[in-house]
Each structure stands twice: as C-alpha cells, then as structure tokens.
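Structures for review follow.
Both complexes shown next keep subunit A, but they swap its partner, so subunit B is in the first and subunit C is in the second.
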Partner chain A sequence: MNMNERSVTSKELLKKLTALHYEGAAKAKAEGRPVVWATSISPQELLETMDLATVYPENHAAAIGARKEALVFIDEAERDGYSQDICSYARVNIGYAGVGKSEAQDIPLPDLLFCCGNICGTVIKWYENLAKELRVPMIFIDMPFNHSFHVPAHSRAYMRGQIEDAIEQLEAFTKRRFDRDKFSEVMRLSNATCEWWKKATDLAKAKPSPLNGFDMFNYMAIIVCMRGSKEGYELFKLWHDELAAKAAAGMGPWSSAEEKYRVMWDGIACWPHLSTTFNALKKHGINMVTSSYPESWNLRYETNDLEGMAAAYSSIYANRNLDYDIGYMKKLVDEFRLDGIVYHSNRSCKLMDFRQYEVQRRVGELTGVPSVIFDGDQTDPRSFSEAQYETRIQALAEMMERGKGGMGL
Partner chain B sequence: MFAGIDIGSSSSKAAIIGDDGRLLSVSVHNQGAGTDGHRQALERALALAGAERSDIRFLVATGYGRMRYEGADRQLTEISCHAKGVAWLTSGARTIIDVGGQDSKAIKLDAAGNVANFAMNEKCAAGTGRFLEVMARVLDCRVDELSEIAAASVKEVPISSVCAVFAESEVISRLSSGERPEDVARGAHVSIARRIAGLAGRIGCQPEIVMTGGVALNGDAVACLSKELGHEVLVAPHAQAIGAVGAAAFAWEMARAAK
Partner chain C sequence: MSYRETVTKLRERALDPAKSAAALTRETGKPLIGCFPVYAPEEIIYAAGALPVGMWGGKTELKLADRYLQSFCCSVMRANLELGLKGSYGALRGVVIPTFCDSLKCVCENWKTAVPQLPALPIVYPQNRSAAGTLYMKDELARFKGEAEKLLRVNISEEALMAAWETYEDCRAAQRGFVAAVARHAGAIDAETRHLILKAAYFSDRAEYARLLRVITEGLASEAEDSTEASPGIRRRAYGIKAVLTGYMSEPAEILRILDENGVAVVGDDLAHASRQFRVAGRREGCFWELMAGRMADQSGCAFLYDPNKSRGRNLLHMVREADADAVIVFMMKFCDPEEFDYPIYRKELEAAGVPVLCLEVDQQTDSFEQIRTRVQSFAETLGTAPLGVRAGGKA
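Let's turn to the complex of A and B:
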C-alpha cells in the first residue's frame, strides 16, 4: 500500500486495512501457514513477533452481527446444544466453526488458539471447547481478576512466567526461534499505536466533540487486529490528525445536527441494532463521546519489560475491581464533561452485568449525572426492543434537558 | 386550555387543564396504541371539560404510541409525565411505582418532584399489567375483578414462574390440582409485587411511595406491594390517567415558558 497518498482518509484506510487483515489470514491458510484465533485483548506482541496470521473471533462475530447475519450462526450453535444463555460472540464463533462460511466475512479455521483470561471467564471455556472440537492446540494465559486496586506483585510474577512459557510453546508450535530483537520492535510499535489510539479518542474531550463515538466502534477493529503493525500505527496517527483538525475548526460530530448532550456508553455495542441505537441518540442531539474502550486498548509499558506488559494487559477495566471502575467512570464524566451515561445491560456479558447496577448507583451518587439502562445484546438481535430503547433514551434526554434548565422540564 | 394524551399499550388516556392550571377533566378509553382509542379518549375529555379541539393551545403526547400520534406539540416519555402528574396532584412523593400494560417502572423523585432516576422492567412481561391480564384469562374473570376475588383468599398459592406464558400453565395446573381461584389470584398479586419490589430496590425506594398506572386500581395488588416494600403504598388520584395529567401539565408549563 502506498502510504504517501495524501488524499487517503482514515476511513478509507480503515476499510483497506480491515480487508488486508482478513486477506492475510486467508492467504496464510492457502499457503499452508498456520492461522491463530486469539482473544481481543491478548498479548498479540508474541504472535506478531512470530509472524503468525491471527484473526480475532470477537471482531469477526461483531462484523457478522453488524451485517445482521448473527442468527445463522447462533441457530447453528444452539442446534448443536449450546445454551442461549452463553455469550453470543461465543455462539456466533462456535456456529461459524461449524458452518465455515459467511456473507459478512470469511475467516480460515484455526491451527492454534491463543486465549487470555483478562477479558472474562467465558473465553476460557469457549476456547477450550474449540480446541477440543477442532483438535487444535491452545495456549492460555491466565490473568486473574484484580480484587485489589492495583495488580498485585504475585500476579505480575505469575503472568510473566506464563508469557515466558507461551513463548516456548510458540517456538515448539512453529519450530522456529522466538526473535527477541523483533519482539522489542513489536512491543515498541504496539505501544506507539496504542498511544495514538488513546490520543485520538481523547480528542472527544473537546466541546463539541469532533468524534462521533459510533465511529470509534468501527476503528476498534484495527486496534484489536493490527496494533502491532506499522499500518495500524499509521491509521491511528492519521485518524488523530483528522480529528485534531476538526476540533481546531470547532467542528462537531455530525454535519447534519448539533451536539447537545454528551454521554458515555457503558458496555459493548449492540451490533445488530447499530443504526437504531445510534439514530435514537442523534435524534435528541446526544453524542456518545466515550466508553471504556479507549482505555482498554491503551496498553502501555516499557519495551522489554515483560512484567510491565503483563500488568498492562491485566489492568484493563474488565479485570479491575469495583473501586477502580467507579473511579475511572467518574474521571470520564469529569474529563469528557458528560451530561449522562447509557448502560447497555448486555445479555451476553455476565461479567459486565454482574456489577452494572452497583456501578450505576455509585457513579450516580458521586457525579449526579443521570443515566439509563437498556436491555440488549452484543450480537443476538432477539434481546433488544426498539420501543423500550427509544423510551429509555428519550427519558435520559428529558433528564439531561431538565438538568440544563430546558423548557419547563 | 391544554391537553395531555397518554397512548398506552392497552388503553388511551386524556386530560385537560385550564388556563389557570386547574385539572378540568380526565378520561380513559380501553384501547391503546394502534387503535383510534386516543381520539375517543381526547373527545371524551374535551366533552367533560366543555371544550373543543380548537380550544387546545398546546398538546403533549406520551406513552408507547406517542411518536406516532399526529397533532402533538411535543412528545415526552411516560417517565417524565407520571412524575409531573404526581407532582401536580399530590405532594411529598419520592417514589412512583407505575405498572402499565407492558411496562413497569420505579421512578425516584428529587425533593422538587423531578425524575432523579428510574428502573424499568426488562424485555419481558413479568411484573406488568399484561401478566395480570393473562391471569384473569385463566381464572375466567375480568382483570378489574381480580382484586375482589383475591380479597377472599385465605392462603397464597405461590406462582414461581415470572414468565407470563409459563405462569399461565403453572396456574392451570394449580387450579386442576384443586387450588381455589381466590388463592391463585392472591398468588399472582404477590408475584407481581415481588417483581416490582426488586425494581424499586434498585433505585433506593423512599417514602412517600405513590402508585400509578392501571394496576394501581387493583386494591389487593397494591396491598401486596405495600407488604413487600414494608411501607404503605398510596394510590395516586386518577392513577390510570395520571400520565395524561402530567402531559397536560407539561403542555401548560411549556406554553407559558414559550411566551
């Protein structure tokens, strides 16, 4: 790809890189090279160093969900005996492993599974299941939930040991030596990409925000799939520069409407109902300016510091205790000057649902910012009601309007 | 004059407020969204107020059918409208329990009577008026007879299923095993009360607790809810139509603010 083409926009580049990412995996498979399936916030630095073509089932499931194709695979998984109460990313992916093709995006079946337990506990059972069904090896990195505010020292040492062991497993799997110099370079590049991802998403602090948060959902594909590559780095730098120029010009998120209210979105997107969930917000001038996502891929550590890398991966929102999460949300409310919070009660995600009511209660008490919870699912389209969602969002808009002293409310 | 119209899933309600802010009339028509129930409710309220449609200077629509109602100056949610209606007609309420046809909600009010927070039922009919409609069908009575039937109960027949569909078959099997309809009706009220108490707990239920919506007319269900919450639940005046009253009150305030 010629990166010197000045005219290329980040949106075009995003599309190109997404295509390139999936083509790369298909090509590897066709040429007899191994393909890895990995969890979305796993230390991909190891895989990148080994030049292993990697795809991310969660992203693939999200793409299938957004293309309204999820039920094909969900039905397949449920017919196979998987319960409706299991995470829908897992059901889509397990269903895909059975069907093997989709309209939205094909991915090659894996030769190796790479699973990191920092995002939830379900991924462990999901990947173990794939390993058994597809008869492929699995490398698992356990990142215990942090019940203390910081990652404890024993946990850091435990995870470092596992990363060293994973390197040995990768060497055995590929029958190649793990190149430590290349590893350093990948670590440096991954950190730089994450830095620009964070810088870009931080530009939404401007009022009005140059960023429409639903665009962030789209760019996430590359921070997951290509953050260890030069192309990924260049995309986020370009996206940042575009947003910075918009902010400098005082431009808001949309050309067709003004940003009246700024909210945070808690939880995963409702991929099958992306336009419905977006339009109901925009109708009231509500811009989703941030979520827990920017920080989830702000994976930063000193190059060559394996323990620091493990701690960074273990320190994401989903793996931290309630006190951290509440403090973090309060920080977002303050820094992004939020008027409200939208909580997605995601039927798939037990980890998030487990604490959501308590987070809402405590963040509400700390900040006084109104919020609303709606029921939905990340990929199962059946768990969402448009009328219920619209009423809840309008009720939030009314609370925010009254907060601003609007029309008798 | 100012009008509020609440187009619910199973009934339509209208209210008229005079220029002096006094409530002139309310009406309830037992047909909801997707019918012309809203027209009939409004016509009835206008007739009771001795007014015509052209006398209405501002109209606010609320409820499930609010967005599809043409002729509203503004659409507002039933959450805001129930809170406004309660503040308009009562004083001291800090929690509203509203149980309508397909929604149940607990609304927390600030000291000024504004919505501070709310919790609503999930995408499920458990704990809503629809649940009681299903129960009434199985017991072969009208939904407004449930309260009287349950009042003669000597024991509660517990209904363990929260799903309206499964509860129906559970009740059929209870009746066929010899349980009395009175005790089954009480069991249905306890079931709905428990579900609503769960919602109320989430927002930190504070007295005074005021109940609105059609189910507030069911005295036995209200008594069961009082017991579950451990505090007396008051029934709002015009409980079923109070969303329409609130909508009319907003119409009155908005028209004045716009002056």
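Let's turn to the complex of A and C:
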C-alpha cells in the first residue's frame, strides 16, 4: 500500500483489512498451514514472528453478535451443558466450534490455541475446554492479577519465563526456529501501531470530538488482530490523520447533529444492540468519546525487553487494582472533559462488573460527574432491555443538563 | 472420648462456625486469620503462631453486599462480603484473599474499602504451574510470609515453617484416611455428618483435629462394614446407591440429608471445600517453599487451577471405579464460572463411560429444596436402587 495514494479512506481500509484478515486464515487452512486462535490482548508478537495465521474468537463473537446471529451458537453451547451465566463470547465461540459455520463470518478451526490470562480468568477455562474438545495444543501465558498498584518484580520474571517457554513451544509446534531479528522488528512495529491507535483515540479530547466512539468499536477489531503488521500500522496512522484533519476543522462526531455531552462508556459494547445503544445516546446529543479500550491496546515497551513487554500486557485496566482503575477513570474524566459516564453492567464479564459499583462511587466522589449503570451483555441479546437502557440514558442526560446549569449532581 | 462422641463434637463444631471460631481463639490464645476459598498458605499462618479459619460463606440475608456485587455473583462471595460488612468476623485478625477466579479478584479489591478494619492479605497463585510458575510461587509465598509477619508482628522461622508443614501433612493424611474409611463404612457416617466432620477442620487447630479425626477413623474400622446397629445421632440405613460428589462445596447441607433420605451414600468426593484440600500428599524432598509450591503443582483436575490435560473427568472416573460408585452427583454452585466451565466436559466423559450424572444447581442461601428433592428421588429411582425401605414398599 502506498501512503501517497491517499484515495482510500480509513473506513474503506478497515473493511478491506478485515476481509483480508479472515481470508488469510481461510487460505492458510486450505493450504494446510496451521491456524491459531488467540485471546484479544495476548502477546501476538510471538505469533506474528512465527508468521502464523491467527484469528481472535472475541472479535469473531463480536461480529456474530453485531450481525444478531449469536443465539444460534449460544443455544448450541447451552445444549452441550454450558450455563447461561458464563461469558457469552465463550458460549458463542464454543458453539461455533461445534457448528463450524456462520452467516456473519466463517473462521477456520484452530490447530493451536494461544491464551493469555491478563484479560480475565474466564479465558483459561474457555481455552482449556477448546483444547480438550478440538484436541489441539494450547499455549498459555498466565499474568497474575495485580492487587498492588505496580506489577511486582517476581510477576515480571514469571511472565518473562512463560514467554520464553511459549517461544520454545512455538518452535516445537511449527518445527521452525524462532527468528529473534524478526521478533525485534515485530515488537517495534507493534509499538508503533499502538502508538497511532492511542494518538488517534486521544484526538477525541478535542471539543467537539471528531471521533464518534462507536466508530472506535469498529476499529478495535484491527488493533486486536493486526497491530503487529504493516497494514495495521498504516490503518491507524490514516485514521489518526483523518481525525486530526476533522479536529482542525472543528468538526464534531456527526454531520447530522451537534455534540452536546461527552461521556465515557465503561465495559464492552452491547454488540447485538449497537444501533439501539448508539441512537439513544445520539438522540440526546451524547457522544461516547472514550472508554477503557484505548489504553488496553496502548501496549508500549522497549524493543527486545521481554519483561517490559510482559509488564505492558499485565498492566491493562482489567488486571489492575481498584486504586489504579479509579485513578485512570479520573484521568479520563479530566483529559476528555467528560460530562458523564455510562457503566455497562455486562452480564458476561464478572471481572469488570464486580468492581463497577465501587468505581462508580469513588469516581463520582472524585470528579462530580454523573453516571448511570445499565444491564446488558456483550453478545447475548436476551440480557438487555431497551426500555431500561433508554430510561437510564434519559436520566443521565437530565443529570448532565442540571450539571451544566451549575446545579451539580 | 469414644469415636461416636468425637463425631458429635466435630459435627457441633462445624454447625456453628462463629461460636467455634470464638472458642478456638479463647482456648488456644492464638489470633485467627480468615481464609477465603479456594487454597490459602495456611502453613505460613500456622507457623506465625496464628490459626487459619475457613471463610466459605454461610447462610445470611444478603443486603449490604449489594453495594459492591451484582446479584449474579456467587453466593459464597456475597455472603463473605456481607458478613464482613456486618462485622460478623470480629474474631479474626485479618483475611487471606487469593485470586483463583474473576469474582475473587474483585472481592479482594472491594474488601480493602468495604472492610478496612480487617486487613486483607491478597495472594496470587500461579496458574501455569511449570518451572517458571513454581519459581514464582516460592517468591509469592515468601512475599506473603513478610505480609503475615507485619500483620501479626512476629518473625517466622524456617523451623516453624517446617513444623507447620509437618502438622498440615499429618492432618491431610488423617483426612485422606477418614474419607477412605467412610467409603467403606457409609452406613455408619451419613453424608451430612461426613461433610460436617470435614468442615470442622476449618475451625480447628489442625494438630488437635488430626487426633480427633483418627479417633473416628479407628472407631469406624472397629465397625463391621455391614453393621446395622444404630449410633446415637447418626441415622443408620442400608444404602442403595453409592455416589461420588463433585463441585465447589456440598452446601446447603439440607441437600445431603435429601441424599440420605433417598438411600444415596457418599463414597468419595472431588469438592473444592473437601477432598481437593487434602488429596494431594506433599513431596518428600525440598525446602519449605519447594514443598508448598510442589503440592500446588501436583494438584490436577481442580476447576480453579489451569489444567492443560483437563483431567477432571478422568480423575472422577478413576474415583468412581476405585470406590465402586454408581453415580456422580454435581453440586453446581450457581455463578461459579470455573465449575460451570468444567461441567460439560466431565459430564460427557462420565456419560460416555456409562456413569450416570446428576447435576444440582445450588446456592448457599437457598431454603427451598422441593425441586432438588424431586430430582434426587427420580434419579434414585432411575438407577433402580432406591433405599431398601422405599423399594420394598413403593415399587412394583
């Protein structure tokens, strides 16, 4: 791709790369090359270095959810004995592994599983089950939960040790040598892509924000699956440049309406109800300008510093303690000049949910910004009530309106 | 004290944990440290001159915990937080909170704010129990020891650690001996009593507990295996079905009484609250830290520890065959992700091997058991081995 031929928009490129990503996996399978399934914030640098075609079940489940197809696979998993109470990404993916076909997007079944425990403990169980059911090997990198503010030295050493083990396991699996020079290059490129992802999403600090946060949900798929590739790097640079131009021109998120309020969205999107959740906000002029996502893929470290890489992966919001999380949320409220916060009590994600009440209280006390919590789910359409959501958003709009009138909370 | 009196003593100890914990600290003069599920480095606490006590929930009205946890959090975590907020843990000096699941990670964080008067000692066990994991575990245990020393204002010597290890190893051997004896004498110890005797460990000094447990085990050995003589406080019946229990814990105990009513004897278990605590014997060689890390590394088939071989189904099948059991009964703790994920896999393996599985969804706060009673009854009938009394009167 030549960056000088700037005829293609980032949106078009996003679509093209998404298609390429899935085609690449299908082609690998067809040619007898192995396919890897990996968790969304895993050190993909190792897989990229080994040139392994990798797909991300969380991305895939989200796409199935957004296409309103989740229940087909959820039903399949539940028939198999999976409880309705476990993560719906897991149920969709495990169901898909049984069915093997979807309208939204097909993915080849894996020959290897690559799982990192930084995002939750749930993925350990989910991937263990896939490994057993599909009879494929699994590489697992544990990232201990950080109940202290910083990542402790012995955790860093443990994670580095596991990364070294993972490299050996990959060599054994592929029967190929792990190319350390290529690894350095992938690390450098991954850092650069993450930097542009962060810079692009940071542009939403402008008032009005050139970014409609729901668009960020779309771009997220590529920061998950292509951050170690040149194409991924180019996409985020292009997206950044477009947003920067919009910001310079004073343009807001939408052409049809003005940004009146700026909020943060805490938690994963409700993929099956994307338009409903988006429209209810837009109706009140509410733009979602940020979430915990931008920082989740701001995975930055010195090239060739394995311990630094491990610490970066271990330092994401979900794996940190409450003091960090609350401080981080306060920073977002200040930097993005937020008027409010929408908390998604996501039935699938216990790790995010069971800290949410305390985060809401303390961030509210620290910043004075109003907030609401609504009940939903990332992919199970049954755990969401449109009426409840709209009422909560209405209440938030009213609180923000009063806040703007100087009455505060 | 006779073995039957000892049974009564341990039953009573488990029936009133708050009273037993208060008595324990009063009688021993030692401070108590609460331990959240699933595993805790109890040996380190014991070596510090304190006594670890179990915190596996309990029956309580859930109100205050709702400020921190949504209703779809498991009832044990909600109960622990509720009891902490209510001030019910006054007998404790601090609490150990490991992070074996996502709910535990959150409760660990919430506890710091919600119950600040009762300091939390978090501990993060490695999931990858490879060489790197074992090395990490040793460091994490050493860090924990430092925190325990600060809290309890003591220095813990290597000798005290090794002595505590021996005490716990001896206790675990006694626990293994006890469950093996019950499997042979299911007629003498009903399911609820078995549960309560094992539960009593959590409110005991393990040295004393091991002695009491051996009195029971030896007493059982003196009973004829098919004895029908009634024991005081113990209902004796002829059992038609031998079952292995699996899951998080076998509470509410009312369900165990339902098993008993339906002629189901418990001949083994794979419960996190029971056998998973003691089924792995320590290695013979190594320093304290290596022994502690080794025992965790040797545990397999536990929902809370990464198991690349997913060996739970195989382990259960082995237990069923060893004990000549007829079925596996699952106590599925509602909202316990790790247990819920394991279930479809081991169920499939057990059923493929012809072992019937009954899955009972449980919640510690439940007080309506009719549905469970009906399911147990029909399961027993399906197996065609309902208790002798029922069979004589009720079946064509």
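By our rule, the second predicted complex is superposed on the first by the 400 of 409 C-alpha atoms of A that agree within 3 Å, B and C clash if a C-alpha of one lies under 4 Å from a C-alpha of the other, contacts with A are read in each partner's own complex, and residues count from 1 in each chain.
One rule holds in what follows: a residue touches a chain if its C-beta (ideal position, glycine included) is under 8 Å from a C-beta of that chain, and two chains touch if they have at least 3 such contacts.
Fair warning: this is a prediction, and the values are worked out from it, not measured in the lab.
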### Message
Quick check for you: in the superposed arrangement, does A:Arg402 touch first (subunit B), second (subunit C), both or neither?
### Response
first
### Message
Contact-wise, after the overlay, does A:Tyr357 reach subunit B, subunit C, both or neither (first, second, both, neither)?
### Response
both
### Task
For A:Gly161, decide between first (touching subunit B), second (touching subunit C), both and neither.
second
### Task
Using the touch criterion from the header, give the chain among subunit B and subunit C with more contacted residues in subunit A.
C
### Query
Regarding the shared-chain residue A:Gly121, is it in contact with subunit B (first), subunit C (second), both, or neither?
second
### Query
Between subunit B (first) and subunit C (second), which does A:Thr367 come into contact with in this model arrangement: first, second, both, or neither?
neither
### Message
Contact-wise, after the overlay, does A:Ser184 reach subunit B, subunit C, both or neither (first, second, both, neither)?
### Response
neither
### Query
Should A:Ser385 be classified as contacting the first partner (subunit B), the second (subunit C), both, or neither?
first
### Message
Quick one: is A:Thr276 in contact with subunit B, with subunit C, with both, or with neither? Answer first, second, both or neither.
### Response
neither
### Query
Both subunit B and subunit C contact which residues of subunit A?
345, 357
### Query
Residues of subunit B touching subunit A in their complex?
64, 67, 75-80, 103, 114-120, 122-123, 202, 204, 250, 253-254, 256-258
### Query
For subunit A, which residues count as touching subunit B in their complex?
345, 357, 361, 364, 370-373, 375, 383-385, 387-388, 390-392, 394-395, 398-399, 402, 407-409
### Task
Name, in rising order, each residue of subunit C that touches subunit A in their complex.
67-70, 72-73, 99-103, 105-110, 112-114, 122, 124, 126-128, 130-133, 135-136, 139-140, 143, 303, 306-308, 310, 332, 334-335, 337-338, 340-345, 347-348
### Message
Can you tell me which positions in subunit A touch subunit C when the two form their complex?
### Response
80-83, 85-87, 90, 117, 120-122, 124-126, 128-129, 131-133, 138, 140-142, 144-145, 147, 152, 154-155, 157-158, 161-162, 164-165, 321-322, 345, 347, 350-351, 353-355, 357-358
